[in-house]
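Okay, handing you the structure first.
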Amino acid sequence: MNAYILKILRGFWSLLVGMKVTLKYFFKKPVTVQYPYEKREIAPVWRGILNQLCDAKGVELCDGCQICGRICPVQCISMEVYKDPADNKRKTSSYIVDFGRCMFCGLCVEACPKKCLVHTTDYVLVSYERAGMVLGKDKLVKR
Amino acid sequence: MDAQKYLNEIKGRFPGTADAAPERIKDGVPALLCPAPFLFEIVKYLKAEGFNYLMDLCATDYRDSLEVIYHFCALETNVKLTVKVRLDREKPELASITPLYPGADWQEREAFDLLGINFPGHPDLKNLLLPCGWEGHPLRKDYSRKPDQYD
Amino acid sequence: MNISYGLENIWTWLITLIDRLFCRAGLPYIFAYTLEKIIFGVALLVFISISVLFLIWLERKVSAHMQSRLGPMHVGGWHGWAQTIADMVKLLFKEDIIPAKADKWVHRIAPIVVFVPSLMAFLVIPFEKNLIGQDLNAGILLIFAFSSLAVLAIIMGGWASNNKYTLLGGIRSAAQMVSYEIPLVLSVLSVIMLVGSLKLNDIVEAQQGWHWFAFTQPLAFMLYIIAATAEVNRTPFDLPEAESEIVSGYNTEYSGLKYGFFMLSEFTNMLIVALVAATVFMGGWQGPKWLPLPGIIWLLLKTYLIVFVLMWFRWTFPRLRVDRLMDFGWKVLIPLAFVNIFLTGLFMVVFK
Amino acid sequence: MTENTLKDKDGFETMYLNMGPQHPSTHGVLRLGLVLDGEVIIKAEPDIGYLHRGMEKLAESRTYQANIAMSDRFDYVTSMNNNFVTALAVEKLLGVEIPKRAQYLRILMAELNRVVNHILFFGFFAMDLGATTALIFGFREREEALELFESVCGARLTYNYFRVGGVSRDLPAGFIEKAGNFVKMMRSRLKDYDDLVTGNVIFQDRSVGIGRISKEDVLAYSLSGPVMRASGIKYDIRKDDTYSVYREFDFEVPVRENGDCFDRYMMRMLELREALKIIEQVLIKLEPGEILAKVPKIIKPPAGEAYVRTESPKGELALYLVSDGTANPYRLHLRAPSFINLQILQKILTGVKVADVIAILGSIDITLGEVDR
């Protein structure tokens, strides 16, 4: 009988201890962030949308070596390459990344020999149709 | 090497068993290539010898033949042993070890599902990962998928 | 007790006015009486709807803050006060789905059956001494009688949906609510013994000053709170709608307004048990003399305290298992309730 | 199994309940076919494959490095550990030596991910038993760990941090402090966890003695990880079949005897503490150095095969990798701990109640991504 009552009392005590924890957090400051109004800080190494860099004069650094396209595990990078007769260099006439397929693994950035492909901290990729996630040179090249 | 002792023992007991190309095996665990009809007996022997833990069961398609690989471990002594079985590609059949290691159940079903290896003696050999009525065995090297509605 | 302020004065003034007007017009008293009751009923309905909307909002806020979250913050401006209203509007516009193999009429009636008894129970609760639908002699019995009707609707809903999860939920709820009625009534019984009346106003007046039964009958109070939590299907006793086990229990197949009714009745029931707890154990509409607030304010403050405790339970505890729930009800609560009754009786005989 | 072919012990009709694939607490798309007598289960049949993505087949057409990126998706809760085993397997085939700092970083990340997994387990297990707040608490702490991961590798879930021969990035400035603070914070939060859930009488009532797995069953069904150790078998691959540099760290392998849901829960809570201990030791031992060994740009391991086992938070995560000398693996087989641990359900679910099914399933701690691959 004693053990029975003791068991009940101990049970109630454990419940009270649990309630203390929730009450403690009831009066603490919430940790959530009200997303669209305030945004949390993103690490500078964030693997977000890709960007192509240009040199100081605004000329693209990319020479269309295709390594990024080949290393991509999901084959989301495609480009068209031509040889510029003016300075006899390879250049890309189009450079398309399908972010609907991209898994942001970052292998392309690591593989780029010219170091001209970089991640940005931009993660907003919302669009009304799938084609909106396919970004071409106009969006990717940062001059 | 402790496992080598068991290997020699098995090679003496069951004719036809041999070492499986040691230069190929990079993880340092001795491997045994045994003929399919003896497999159940060998596994039974291994279990009696203290290899109480079946780490893994998987199968590979080597284009000319199928190979089923068993990784055993004796938890007390930490001795590991690999057993391999070559199977004919046309009609692969291998006695199920589910009666000895119930944990082989789903792994055998997976091999049946993805590589088409038949395990007579398995209590409930049917599709596991693929949908019912799927044709072909995807992990075989000559598998080619028919285009479906999503292509 | 002589409280000369509060809502009841307005109410008495209003009914006297109506009585006089009808008398002047030469109509029999029964018309005036009916009109008064209709006005009271409508006021009650408005009060309940607003309270439920507020309770749902409160539940979200309490749960959010206990979990280090903020809860709804956007709709309506200040701390998302209009969120529940928006949700109710959404529920209104949702498609009403009746499963193809359901028992259609029972499926349709169940939400009404669940809501009506929970409304009826409000009739006898004294918000202030004279602010009461009908001060019945058997007031507290009426409340328990009506609140036990809810199980009927839950079984109806669970069975009629023709879904195995709803059926499980319905059966669970039947077993649970029937067995937790007993400690619920038994815990109040000791109070009734002390008061000697089933009239709620008598119980309230027996607790004048600070002689709350929560202090003089702590065991009964605790038993009541536990049994009431089970009675209104809230965690840790929310087995009929255990969302991690049987999806949503008896209301799995309900949508739109019908689901809204189940939701509404759940919170109404919670309000009732909290009101009863405040009335029976915490002095009802009486407040301390030095702070002259209307009685209804005191009652609601006490009620919301109980409601908060119920919410606090919900967001702290895991859920019991069916058989353990029965064990707890029959092997712990009921014996304790009997012990309490016995001790009360002994006390009454000794210190007569 | 068709409906109502089984009778209960009194010869009455039984009820066939399809639990899943869409169910709030089957942790994804697991389907359990339950034959019920009232609320008691007569027969249970798990059905998997709803999330089958053919990862083993996909692996055959991807390079080794891309396979590490893909291994994030095996078990999306413990991506670092998946990376670890994939990298280890490739390195075993290649036979490269990993720099010291990279080894430490790998262990740091793997243990941090173990903490994350066990926090999530805590949350989900409590959630399965009805304690919603614990889930949010779990996610709150996980968030802190994810921020650490984010600052190191730039992603929050699919890290792709490991490289063949090392790791991809060095730690950012201030990481060691932040990680130290995380460990301290986690220790204090663990006390809250214990107060809120572990000690709770209802929680214990729901989990003690439920879903007992005997030692013999553990061995027969090849169960691994915390499930194995909760049944009294003290075997941890990190200790008993060590890999990487786990030998240098001082940690206990907790073991419990009963093998019920509560012990499996406690195992994780104890392991979490051990993982925190390892993290602290790594943070102290870290020295500047190389993080990537010299490996060729295009990895082509010599023909061969290797079976590499690691201790993932869920159990023995092993990779059987066959190379034929080309840039893609010839065969990649994943020994998924969730997949093999899940088999025990057929056996232990008979005779328990519907509510216990959820508790048992939760206590085994599966991720459907890994079960179906």
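Labels for the chains are A, B, C and D, by order of writing; each one numbers its residues from 1.
Following the convention adopted for this analysis, a residue touches a chain if its C-beta (ideal position, glycine included) is under 8 Å from a C-beta of that chain, and two chains touch if they have at least 3 such contacts.
Values in this document were obtained by computation on a predicted structure and should not be read as measured data.
**Q** Counting C-beta pairs in contact, which comes out ahead: A-C or B-D?
**A** Between the two chain pairs, B-D has more contacting C-beta pairs.
**Q** What whole-Å value do you get for the distance between chain A and chain D if each is reduced to the mean of its CA atoms?
**A** Using C-alpha averages as centres, the distance is 24 Å.
**Q** Just give me the whole-number Å value for how far the CA centre of chain A lies from that of chain C.
**A** Spacing between the chain centres: roughly 50 Å.
**Q** What's the distance between the Cα centroids of chain C and chain D, rounded to whole Å?
**A** So the centre of chain C lies 45 Å away from the centre of chain D.
**Q** Tell me, which residues of chain B touch at least two other chains?
**A** none
**Q** Give the residues of chain D that touch two or more other chains, as numbers and ranges in rising order.
**A** In chain D, the residues touching two or more other chains are 133, 137, 140, 196-197, 200, 202.
**Q** By the touch rule stated above, which residues of chain A touch at least two different other chains?
**A** Touching at least two other chains: 15, 18, 21-22, 25, 31.
**Q** Okay, what are all the chain pairs that touch?
**A** A-C, A-D, B-D, C-D
**Q** Flag every residue of chain B that touches chain D in the complex, lowest number first.
**A** 23-27, 29, 52-56, 58, 60-61, 69, 71, 75, 78, 80, 82, 101-107, 114, 127-131, 138-139
**Q** So in the complex, which bits of chain A are touching chain C?
**A** Chain A reaches chain C through residues 8, 15, 18-19, 21-23, 25-28, 30-32, 34.
**Q** Residues of chain D touching chain A in their complex?
**A** Residue positions touching the partner: 62-63, 65-66, 69-70, 72, 133, 137, 140, 143, 147, 150-155, 158, 160, 168-169, 172, 192, 195-197, 199-202.
**Q** List the residues on chain C that touch chain D in their complex, please.
**A** Against chain D, the touching part of chain C is residues 63, 66-69, 164-165, 168, 172, 235-236, 238-239, 242-247, 315-324.
**Q** Along chain C, where are the residues that touch chain A in the complex?
**A** 62, 64-70, 73, 312-313, 315-317, 332
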